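Shared between the two complexes below is subunit A, which has subunit B as its partner in the first and subunit C in the second.
For the complex of A and B:
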């Protein structure tokens, strides 16, 4: 019942002319950005965040716009994967495997429309599950004490370390760098300045917008200059083929399975579209009656699975962000930071205190998914034209957009040097195989982590055993150990099996 | 090797961070059991352990880069810094025209096209940013009538 009344109040917000307009703009801009080769959802949201902030919109409208860009970009990523064989980001890699062979057979139109339908189903199933489970999780999380929050955060970082990137220690070190960056500035509890070295520009802390633009906008720009491809990429023609009802019937179970798997992977902290699309593709390949032999040669199941999966994950990642205030992926970490900019603290109380934001966002996602399907089916050709923008023009535009965004918020030229320095730092991290998402997660969660730790110890009067004194926290620490130990144990078992086989 | 150098730099930074956490940061008075220094102290220990691990077990051995790419990157950073430096004094339109044109030219565009691209991005960027979206962009030398 709560869900129904919540949703109807949400639709009342989302259907306001301004918000409806912003959903459409966000979805359109997101698809455009997502279809640019090399720029994925996280870069797109990062580059446009300060501009959205500078527009002076109310928080729910700004969030609706940014979320539209986020899942729109998740949608658009498939276009360059299919037509160019160049994925926009890690989440779109699996889409190239069967999408590009289809396009080479002259069925690009069919591949694009089928993947649009799969994305639509993945996104819609995710938002339905979110409306059902989000409030439940929130009403459970309301009972969390500060000590439980500390445990939850430990679990989030454990799952991040275990599931993201190749080297867990590097992922952890990246998250720690984010946490350390977050300690710069005046400590809110005591008024003591930490690590400011007397520089007035950072007394209030390093602005979240600057970290995001630096790490995800400028670092991407430097990376694009480094790997700049001189030869022209071959853009395959879209042609006249289109998805048939039979195709959809063939993949209906694939889509359903992949959407569900994608959603649950998205909910886990730290894992997002890239893990979801890899897992769903692998699952379908294993379930294939032909033993997966046609996968990689243009199998429509192999195309539908990762697309349903990564859009499901994009929705799933929103759940912990909205209900716990703990983002499920790098991109939702940016959305969470965006809410903090508006002085809205996401978390279990948001469904009660700021229902217009929580439910408005959810309702806008129903509308956005339909809009994306409608935009994408007839206009694939227009988006495909974006792929022909040469990199030599695209690269400077990133800097121009980033500068507009950063400057327009505070009007401080010092910030422009900061984003260049952070961009260089982010580029070095990428070169050394550090994932950047943990850094931003650490940065966003730093304040919350420290606050909850200090609050917990204030409650106990300095007794550290409060951290392990509730059922919730013990379960969470147990899960944290499991999520780190199980992959290690599996890898060791696999290695010993290979050893005995050989 | 690249990993080791990076880890060494990280450890040096963490050392400085830790010295401040353990010796410098102090609240004049506080009511809570944890002051402003405890959290940085915890982070110092954790980051030092991770840094040591990477130092002892590096996995990225070399950072390969051809000379041409290196020069391109240096020029990119230089252009960005110049763009940041010129942003306020010259204003958005002029600095963006110069930066965009120079960048497009450096990345292989012909001179004519690069200049045309620069002019379009500077003027269109200002029209969309400052007029349509009402964002705060520096007018600079064109300040009076831009």
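For the complex of A and C:
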């Protein structure tokens, strides 16, 4: 079936009143779920899967509902990042960097609406690329070997070199701490338990969510309490700001670049929204004409990039799941499980055997993205008013939500102690003037880097030359060099031009 | 001519036979010791749907990830040891973890195995265009140079995925530790690695191959089941019949705490036994990609404990434990 007829039959399924209703419900519920700190797409889908199954819906309808929740939550994740500086999940960490400063300046409405537009573009570009080139991309994605992932991680680290701000030593130390956290748990290549100290709860390592909620969320809450107790609390100004056409024009190339990068990173099995948002943020900061000086202080490019990137990745992750039956992320793994629950075998044959599900789902993603934009733009003002809740109520409320969020997925009280301990650790780091983003990125990227490096070396039997033996990896190393060198070169040229002019 | 005794006996028999009257099990719960969406989730779904006619209340599935199942066994060996209403999903992987001491001090004697959901089996898979057309081709390549073939799977060294490869190598007298084994993060990534050419042989499961049958991308060289399986797998030989003494059965089932009353334990075991008799249960097993391996109660408990003892021997020979 070619794309046009496939899509039109898909829209015929997705536009049935029941399915249309479900996609709207899913998107709305997803946005709310995603906006809660601690509950992101992965737990949103996981928690609602049994409900969707229990409703006795036909498989395509249930899947449309779950997928609506999935990208709805990806949209919603930015809300608590921007307003509260508490990311809902690992993919929303980078959104805090410029989103929260904007909210502090009284431009919460602008930040929320701009990021909704960026999310919409990321999601829509992803689903367009998916319908046009899905199978082709998936067959490219599987050729990505562990050695190529190593190169991709080197590229990611290179693009993040821009995060090395005022204090390179502390940034590197932070990344190193993240890397150390990532080594906890059973080592896949030897089966040896590392740094678990006989505690069974961390045998499988520490979950991303725990690190994100602990280091960011809890640390932020402790900081809020401290500010309140010491009487330094300032009321945040709430302007009735909204995204302007000029804003969108300013970030249009940022959004396009970030959507594309995010989508491709999402297509690769093994990397998802968190890597995508980190790479897009880093890339935009490197490419910034002002040398990235205003990034981290409420730059709208720094806000648009990770949001377009993580929503692009959310769409991209669906590609290997639908075309190959290989999940590209934790959430798509759950969607895959959902398909199996409904006795639909995902994989190469699904487009032929169950086209109503495959194309219906894709069509519902077009509708879902539009629905999310329509839902999210008017709600931006409403959500922004959340900041008018007095701090003494807001802080405990967020704390309770974060605890419920963590407990609801993992159901292990040990993790609640973990987030408290990590929160204290994060607060101390903040007191010592460490940035927390490098810690998280060290954790996410470092874990992937180590796993893939060791996979590559097991494949080659310990021969390091495997790392530079494929076209993919050489291109990525080349890009890594470029992204470090070009801004330096540009800056130097600008300086010499200023010198000749003057 | 009905004597009161006979009536009572019939009534009693009727109560015993009709599962729904199992009054002890209230608000039944199946604990999947992992995140949703994986094999343990599937195991619990089988209990949830398969036992529904036998239970009064609908069964709830809860998730308790952490430490590859260690968190769940820890809880059921310390605080919920006598919970009459909850069963916890296990697989051969959990049994291997018990055998190799990954669950710390908890052993098979700290729980009671109560019923099975079904079984899956190991499968040796290569890419369709692989030079290894048969299992013999692959094993000959191993004999020539044990490091000549890159093997991969979704589990770490010492996991059951690794054990499949280790058993194959052991069957031709090669040292498992010498193998070039690539540990991926789950079966999906490993299949991607196989299709992309990073690894040459994939140690998978029969059940996960169903969606890929007939897609023309992968070739199943052999199954690691004790004997041939029914359709759609009837055409594939077992490793044993090809002359390699390597069998890997992935048993999926449920355990309870060790202090559960015999009454509650038997109520669950009877519910499983009653379900095994039904066509619906067989249908659910099939839909979830499992083969029947129906066993419940003390028979299962004894069988699993024997299985763990065997695993301990295998693990010792493979150098996983001292």
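Everything below uses one rule, namely that the second predicted complex is superposed on the first by the 274 of 502 C-alpha atoms of A that agree within 3 Å, B and C clash if a C-alpha of one lies under 4 Å from a C-alpha of the other, contacts with A are read in each partner's own complex, and residues count from 1 in each chain.
Just so we're on the same page, a residue touches a chain if its C-beta (ideal position, glycine included) is under 8 Å from a C-beta of that chain, and two chains touch if they have at least 3 such contacts.
The structure presented is a predicted model; accordingly, all values stated were derived computationally and were not measured.
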{"item": "First (subunit B), second (subunit C), both or neither touched by A:6", "value": "neither"}
{"item": "Which of subunit B and subunit C A:195 touches, first, second, both or neither", "value": "first"}
{"item": "Which superposed partner A:187 touches (first subunit B, second subunit C, both, neither)", "value": "both"}
{"item": "Which of subunit B and subunit C A:433 touches, first, second, both or neither", "value": "first"}
{"item": "First (subunit B), second (subunit C), both or neither touched by A:262", "value": "neither"}
{"item": "Touched partner set for A:395, first subunit B, second subunit C, both or neither", "value": "first"}
{"item": "First (subunit B), second (subunit C), both or neither touched by A:458", "value": "both"}
{"item": "Contacts of A:407 with subunit B and subunit C, given as first, second, both or neither", "value": "first"}
{"item": "Common interface positions of subunit A, toward subunit B and toward subunit C", "value": "187, 189-191, 411, 458, 461"}
{"item": "List of subunit B residues in touch with subunit A within their complex", "value": "2-3, 6, 10, 17, 20, 25-28, 30, 32-36, 38-40, 43, 46-47, 50-51, 53-54, 59-60, 63, 65, 69, 72-73, 76-77, 80-81, 83-84, 87-88, 92, 96, 99-100, 103-104, 107-109, 117, 121, 125, 129, 133-138"}
{"item": "Partner subunit C, residues of subunit A touching it in the complex", "value": "46, 49-50, 141-146, 186-191, 193, 198, 200-204, 207, 269-270, 320, 324-327, 330, 333-334, 336-338, 340-341, 343, 345-350, 409-412, 414-415, 451, 455, 458-459, 461"}
{"item": "Partner subunit B, residues of subunit A touching it in the complex", "value": "51, 54-56, 166-167, 169-170, 172-173, 176-177, 179-180, 183, 187, 189-192, 194-195, 218, 221-222, 225-226, 228, 230, 390-393, 395-397, 399-400, 403-404, 407-408, 411, 413, 416-417, 420, 423-424, 428, 431-433, 449-450, 453-454, 457-458, 461-462"}
{"item": "Partner subunit A, residues of subunit C touching it in the complex", "value": "35-38, 41-42, 45, 61-68, 70-71, 74, 102-104, 147, 150, 155-159, 162, 180-186, 188-189, 191-193, 195-199, 210-212, 214-215, 217, 287-289, 320"}
